[in-house]
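By letter and in written order, the chains are A, B, C and D; residue numbering begins at 1 in each of them.
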Amino acid sequence: MRIAISTGGGDAPGLNAVIRAAVLSAINRGWDVLGIKRGYAGLLGEDEVIPLTKDTVRGIAHLGGTILRTTNRGNPFHYPIRQPDGTIVEVDRSGELIARAHDLGIDAIITIGGDGSLAIGQRLFECGVKIVGVPKTIDNDVSGTVNTFGFDTAVNTAIEAIDKLHTTAESHDRVIVMEVMGRHAGFIALYSGLAGTADVILIPEIPYDIERVCEKIMARDRAGRHFSIVVTAEGAYPVGGEESSIGDSLPGQERRVGGVANKIAREVQNRTGKECRSLTLGHLQRGGMPTGYDRLLATRFGGAAVRAVADGLFGHMVALQSPHIVCIPIAQVLTTTKRVDPSSDIVLTARATGISFGD
Amino acid sequence: MRIAISTGGGDAPGLNAVIRAAVLSAINRGWDVLGIKRGYAGLLGEDEVIPLTKDTVRGIAHLGGTILRTTNRGNPFHYPIRQPDGTIVEVDRSGELIARAHDLGIDAIITIGGDGSLAIGQRLFECGVKIVGVPKTIDNDVSGTVNTFGFDTAVNTAIEAIDKLHTTAESHDRVIVMEVMGRHAGFIALYSGLAGTADVILIPEIPYDIERVCEKIMARDRAGRHFSIVVTAEGAYPVGGEESSIGDSLPGQERRVGGVANKIAREVQNRTGKECRSLTLGHLQRGGMPTGYDRLLATRFGGAAVRAVADGLFGHMVALQSPHIVCIPIAQVLTTTKRVDPSSDIVLTARATGISFGD
Amino acid sequence: MRIAISTGGGDAPGLNAVIRAAVLSAINRGWDVLGIKRGYAGLLGEDEVIPLTKDTVRGIAHLGGTILRTTNRGNPFHYPIRQPDGTIVEVDRSGELIARAHDLGIDAIITIGGDGSLAIGQRLFECGVKIVGVPKTIDNDVSGTVNTFGFDTAVNTAIEAIDKLHTTAESHDRVIVMEVMGRHAGFIALYSGLAGTADVILIPEIPYDIERVCEKIMARDRAGRHFSIVVTAEGAYPVGGEESSIGDSLPGQERRVGGVANKIAREVQNRTGKECRSLTLGHLQRGGMPTGYDRLLATRFGGAAVRAVADGLFGHMVALQSPHIVCIPIAQVLTTTKRVDPSSDIVLTARATGISFGD
Amino acid sequence: MRIAISTGGGDAPGLNAVIRAAVLSAINRGWDVLGIKRGYAGLLGEDEVIPLTKDTVRGIAHLGGTILRTTNRGNPFHYPIRQPDGTIVEVDRSGELIARAHDLGIDAIITIGGDGSLAIGQRLFECGVKIVGVPKTIDNDVSGTVNTFGFDTAVNTAIEAIDKLHTTAESHDRVIVMEVMGRHAGFIALYSGLAGTADVILIPEIPYDIERVCEKIMARDRAGRHFSIVVTAEGAYPVGGEESSIGDSLPGQERRVGGVANKIAREVQNRTGKECRSLTLGHLQRGGMPTGYDRLLATRFGGAAVRAVADGLFGHMVALQSPHIVCIPIAQVLTTTKRVDPSSDIVLTARATGISFGD
């Protein structure tokens, strides 16, 4: 048996732990393992395919990034080719990919990625490739799994940042608006804002009214709390405004960051007269060492993916349904995106402790 | 409405976040909140009962310990009284406790604690006191809930320690045996050992054979890996040996730590001739700032406990059944203790990646 | 004896540890201690003056921020007063301040602050106020002292950020430009860049040539290292460009951040065609818990400041001249600003390990 | 030019950063670099000598341990040889070592180690080997340098542990005695104890009276502070007791740990009746990622060592005399051991803030 592993989309803390667990599990079964570099580029002649051995994965469980590198570009079904005149034309290179995998004797592919990568995996599976998926999303927006590796690390990074901003905000009587990731799902903002005891949390699932945000800040001010912390998801938008078009979540596209926090800080300063600052966490959220939670979950996913291959559960994705790891059809996962439920206990508790969602 | 809050048993990171969320949730409903100091000592005239206000709980969400202090002693149904001759006699002071609570106008009590405290809470509930429980266990051995606050912090502390020991073990060609908490349940050892890529994990649920432990260490040695990391739960015991008697988990009793790691290190050194060291994490596991995960879970528990009081769900305990917080009867929780399932995916993956359980 | 303590300028991790050590040292001598809130606002009727007791400073050594709050505004010699027509006029309120201090029975003032606050302290000293200074600068640009508290924390925060960006940059073949504090002194960029193994470090003391920066990045690319990390001080500027005017470092003015990293990332992307990202650490550098180094140094400064008061060393500032804490005249400190010496061993070693300064 | 690098004695965070900086600095000068594995074992046929290239040292600056491994055994002038009857005889293998270095074309050796390794280096230098030393001591007891890498990491680890124990001690009204490294020098105990706001600090430089320790604890108890934290160096001893014999600090010998904290906790419990616990940090202090301070200092040392070789400063050791790195004769360093000065400002400030040294 020979399997291959691929990582696609933005990097997430825990990717290397998935790779390590999968490689060790496979080798200990007597299988061969190959690593496809940079998404599927390694199978399209744009990068390498390398053997993955016990030595290759030694000591990588706690390292951020991915030893296979990754990319947001290069969907084999819509592969961008630059023409002589500079324009980009998309071509279908999936046949080439499948042939190359066949030539290399690859029996099954474990693909680690988000919605975009899973959709590509599903199409390859429909073309006959034996695919097992491992979900990856910093934003926690993949459905069917309680969460995925990388999310806990991002939340902890955001909480640490809130802790740091708290002391400065309080010492200087300031309002600080911090922007975290989450274009369509506000989980990072909600979890970090509640754990970090923010005063206002803005998420795409609950459009905000800037006037209500300012009311909360001024109510605190009157109560002698002259500072406030606002945590906003990058996808938060005002009532009557428009959510970022779903279009920009296509694979191969890049997030734009920072604008939301700036805008809100400016508006709050204009309306309240209080000194406001903004900060965008950006790439700090997806880098670095995974937390213990993410190291463990990633390791469990890697082990489960190899068992799924052994069990012939192709077209399936491993998922956490606490306390179990289960396998669910990728096709089913792709039908919905997970979002914050405004009636969930977390939102209720946030409101009960006095946090405003600007609504 | 006037509620009171009590913390009992060993401290756990997140206790203050539970208290804070409960206090804010209650006050924002217009309720009064009292804090019973040091378990139930505050209601027995041995310590204070204090008002808990917004000011009292300001800025405590990220602090370890408990502002109410806690104790492993003082079960009101078996209260230890020192006699003139120095002996200890246990008396039932529950009637006194209930009368005092009545005098203070306490309508309901939120009790935050482990098996011992929950059992006391259940008996008080059976005596007519309106009790809502919040589970607390570093070891993760309370059933009915995926886990509780404090556990994630303890696991992360253990992983950090393994990371530190790894570099020393590897630089010096040593075997290091690290002991973590877990008398009857090996969750901390299992989770931290797998995430920290230990080589051997010993837990009470899988009795070990010291010969198999040494085989694993020597197999690594022959493969050029001259060091090994063994993570053992304090309750691990050899095949044919005897598990620590359930008796010593009674509330009011204290854990004894360190002996297991020492013993195993000595035996391994004698049998393999390799340089061995041992280390016991002890109290480092239950102190300090909670992780983001634990801050969030503790906050959710605090908010849910107040909703349970409002809903009249007395004799119930809040619990995490991901992704939901639910309420379950305390009586049902007390019938079983949660332990590691040797056929769970975590154990399977650990074995698949090459970790030995000494069996 | 009655002393007062004031904190001015931007907050820095360690301020509370200075306050705590000074308060305990003074009280244990039998002195009284007052805290002047928000710079000197507390002495100008714009804020409070509060008693500082052992209880006030309990448990604050490891907290960021300052319990006295702080401000960049309110130089008593040039106090900004808003006129009915909206314009700002500066008036000298130093006499009022001195009279108020006299009325409160304040014998001496310990002022904790940067160049701006020390200059105010020196003028007050010249007016007869018994002043002892404690230097505070995140940028490490106060002369006469090896460094001050807060700097080590800022450097560690920057290194952690570089570590996080490293994994993302490497996984995605990107160039990431990170901006840290340092308008006139590049210490944070130099220290964090060298310890974090950046590839390019840009500091105000060594004007850069963007072409040389791109050469370094492309040389790495040709050697198979497709990513690069650039750390830039906010005050870095190109050869032939102009350093930020000294004017904007006046107390009461605020830093503008983020522009430098953006500009450099854009230029590098245009010139090299490589995918570039930028990130500005901003307020994350001055918030949060101080490192051990800073907690210790701040505590030593606080203790030394009280001894300086006892010894009558007014008009002096405590300073670290390793391994000793010494007292030096504030007037002497104000004559120069400390900057990175381009011939120092740190710069030499950075160059020797292959780091480019863009020159 | 061909140089070799060796690491000896216990590992310390920062060793890899020294190696990396030295290797890059040397290679960028066009030199060859060899790594001698496990102290001098690599030159005595007991282990390898390996080439060190840019690839070898990639990404190791922040890793704990040493890629060259290390040992407390194997002084070439007194090399232990096990006889057929099991006894150990020491023989002089220095000639063999020097011949082997000559055969390998080694022009100079950079030896990174503590007093023991530096003494060996000095003897080799006297035999004609071109030696440059880099000091390494977790305890901070090497004279001539403000401090060395690894010390700041150890102090931070100890402070974090004190922070964790604080919350448990306070919640449970306990006395906790924590033992840190330092057989002859109490720097770690003093620095971490003061920064961590311990209540009692015991160091070898100030023999303690257990009665005074208990007085401090009971005075706190009477003031309503029912818990206390005692930080003790492993070498602390009572007045009239005996300091650990200098004999056991010989290279090749191992520290025994844990006994001091246990003994003190038992004595305090017996005398005060308060619940006491002890904890020994042990190997946690020397493992793991170096702090930013240590990464920087180690990198500076590595760069300076190569410049020292280039300048022909053999028989010298690099040292920090803030803000400069200097070179001083090893022979001079070996004449004294650095110890805490009981009249230093740190001890004065500790006493002024209320900390007892038990004297």
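Simple rule for what comes next: contacts are C-beta pairs under 8 Å (C-beta built on N, C-alpha and C of every residue); 3 or more make two chains touch, one makes a residue touch a chain.
Nothing here was measured: the structure is a model prediction, and the numbers come from that model.
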Between subunit C and subunit D, which partner chains are common? none
Looking at CA centres, what chain is most distant from subunit A? D
Here the gap between subunit A and subunit B, centre to centre from mean Cα coordinates and rounded to Å, is 31
Quick one: subunit A and subunit C, Cα centre-to-centre, how many Å? 35
Quick one: report the Å distance separating subunit A from subunit D, using the average Cα coordinate of each chain. 42
Indicate the residues of subunit B shared as contacts by at least two other chains. 163
If every chain is a node and each touching pair gets an edge, what shape is that graph: line, ring, star, complete or other? ring
Touching pairs of chains, all of them, please. A-B, A-C, B-D, C-D
Per the touch rule, the subunit D residues reaching subunit B in their complex are 10-11, 13, 15, 38, 63-66, 69-72, 157, 160-161, 163-168, 170-173, 176, 277, 279, 282-284, 286-289
Of all residues in subunit A, which touch subunit B in the complex? 17, 20-21, 24-25, 28-29, 61-62, 146, 152, 155-156, 158-159, 163, 191-192, 194-197, 291-293, 295-296, 299-300, 302-304, 306-307, 321-325, 344-346, 348-349, 352-354
